[in-house]
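Per-chain residue numbering starts at 1, and chain names A, B and C are given in the order in which the chains are listed.
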């Protein structure tokens, strides 16, 4: 067993027209045993910036706390929110610092820039940034998600279509992964609002 | 974090806090995750007025392509660029770090950076970490002493060559160089040879793929040709698109409107004294 | 005692992806034509699909030496069957034969991942999917090989077959027309091969690139079986 498969997870972020979606599954397991079915993997950093953390849940939570702390320090010093690009560099730096004893955690970052341009990014557990124009995935269902997103993604989708696409990709992928599932949690962020939806999925 | 009560921003350098825990997990038979590799073809050659660097744009994690269009030619200084192969995080971090050291050095001396300076900084760092920082680099640039091309291996050893290749596609690329390279190539011939070498890696090595990036550095001038060639576009897209037979079922929707952004207009009528 | 090499393995993985979709009166079976080992390409024009009987084809990925041995064995068994019964083996019969053949080598398996596509005795499309040691199931669609994890979720999404536990049992065949099924297969491969290095994806080749023009192969091979017989289709493939 790989340590990233201990808790199981599925994460995906997708870009639409002046909006983005970030979605995760809701299962927290210990190997094949399901512990919780309403687990929050995606967290809000500020109104227009979200981070999802896949991998070992204990590391995800520790890393999340450190990120929030660093973001608050930044807000105090700069009196503004971090730009998504800046935040991605921060996450990358925190992960690379532990190059030889890493957090077992693969983050997905999605945000809107000040000009309402969507930004999505993922990293491996030691902070190698991957910036994509279309979609990024992470977690135990990552391979399935790659296949599903690659087939379903269309450029410049409107928020509603983006929601449907990202939900379909997520649900069909987690159904082929034993370690993630139990519905989905989707955030659609546009310049004017955040739509948070809980999806019904297979309960096995 | 072990010896400080609060987690203040670190002062740089690696942190080995989690090593013991991770070793313990590894001893228990848990596999540690693999890192993202560039699985690369990177090349460089010297032509009549400078240096040309080339790279493919595929990043892999095992058999899966995780980035189809990544950048492997890293900026070091205005007159120096560096191609990276190996673990993606390492090549990125090591080139970023050295490029900022070079910038500071330029502020200090007020002169253009030399390629040997970059070379020494890179090899010092890599030698320090005994090969555990897995970066294989092709460093090229033009400074006051002329064009230079070097390769740097993960353990810190270096080579100075007229043409060089690195990464998993290095043999395929070197085959092109060995058969076609000659001294005093023109710029166009040089670019063509670099493109041929990268393409040879792209098509014959599974770790390399997608597009060709090229960077031409001459005295006082550089040209970064990002996606110089796109030999692998996706072209099959179903014209009708796909509909979803079953719509997703939503259990709960929460809509949070975002606050209107207030535009602060500066200037206007100046305040009277 | 003789000295043994601990790292030596009798197996290799030559990659490749296979897909089969069954319809009401047709069956589409497809595979890429790349054979690779490690980071190198052994062949860009190696067919993974073999016709076993008039109404039965097999697509196999995994270790191609084992696949070849398996194909020869099945062909020989089929020839004996023809001599004894004076007819072609049906697809369901071939499905059972393949399962038995695989299980016969339970403790030194053929390292092959097969899908069997064909038409059953009523002329309906049928797909059988296998593991390496002969566990098999009749399904409406299936995917095997290096890109199967990427393709399967999309097939599920588009073709979601009824649960095999439903009573009365429902047909597992897909509702698509033959042309739609072929297009779906093409999309599957286009997507999977963007991300899987062991599968060569197809694309319309830009004729302006002299370097790539010389490269032959890396195709998608699609075999369609229907009441009119068998016909093969090829798509030019991505070469990186």
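FYI, a contact is a pair of C-beta atoms (placed from the backbone, for glycine too) under 8 Å apart; a residue touches a chain by one contact, two chains touch by 3 or more.
Predicted model, so just to flag it, every value in this text is computed and none were measured.
Contact topology of the protein chains: fully connected, every pair of chains touching.
If you tally contacting C-beta pairs for each pair of chains, A-B comes out on top.
Taking each chain's centre as the average of its CA atoms, chain A and chain B sit 24 Å apart. Inter-chain centre distance (chain A to chain C, centres taken as mean C-alpha positions): 34 Å.
Among all residues of chain A, those that touch two or more other chains are 143, 146, 151-152, 168. Multi-chain contact residues of chain C (touching two or more other chains) are listed as 157, 187, 190, 194-195. Of all residues in chain B, those touching 2 or more other chains are 64, 242, 244, listed in ascending order.
Residues of chain B that touch chain C in their complex: 39, 58, 60, 63-65, 68, 168, 195-196, 199, 202-210, 229, 231-238, 242, 244-246. Within the complex formed with chain B, the residues of chain C that make contact are 15, 36, 38-41, 146, 157-158, 160, 183-184, 186-187, 189-190, 194-198, 201-204, 206, 209, 211-212, 215, 235, 238-240.
Interface of chain C with chain A (complex): residues 147, 149-154, 156-157, 187-188, 190-192, 194-195. Looking at the complex, you find that chain A touches chain C at residues 143-148, 150-152, 168-169, 172-173, 175-176.
Interface residues of chain A, counted against chain B in their complex, comprise 1-4, 6, 47-48, 55, 66, 69-70, 73, 92, 95-104, 106, 122, 124-130, 132, 142-143, 146, 151-152, 154, 164, 167-168, 171, 183, 191-200.
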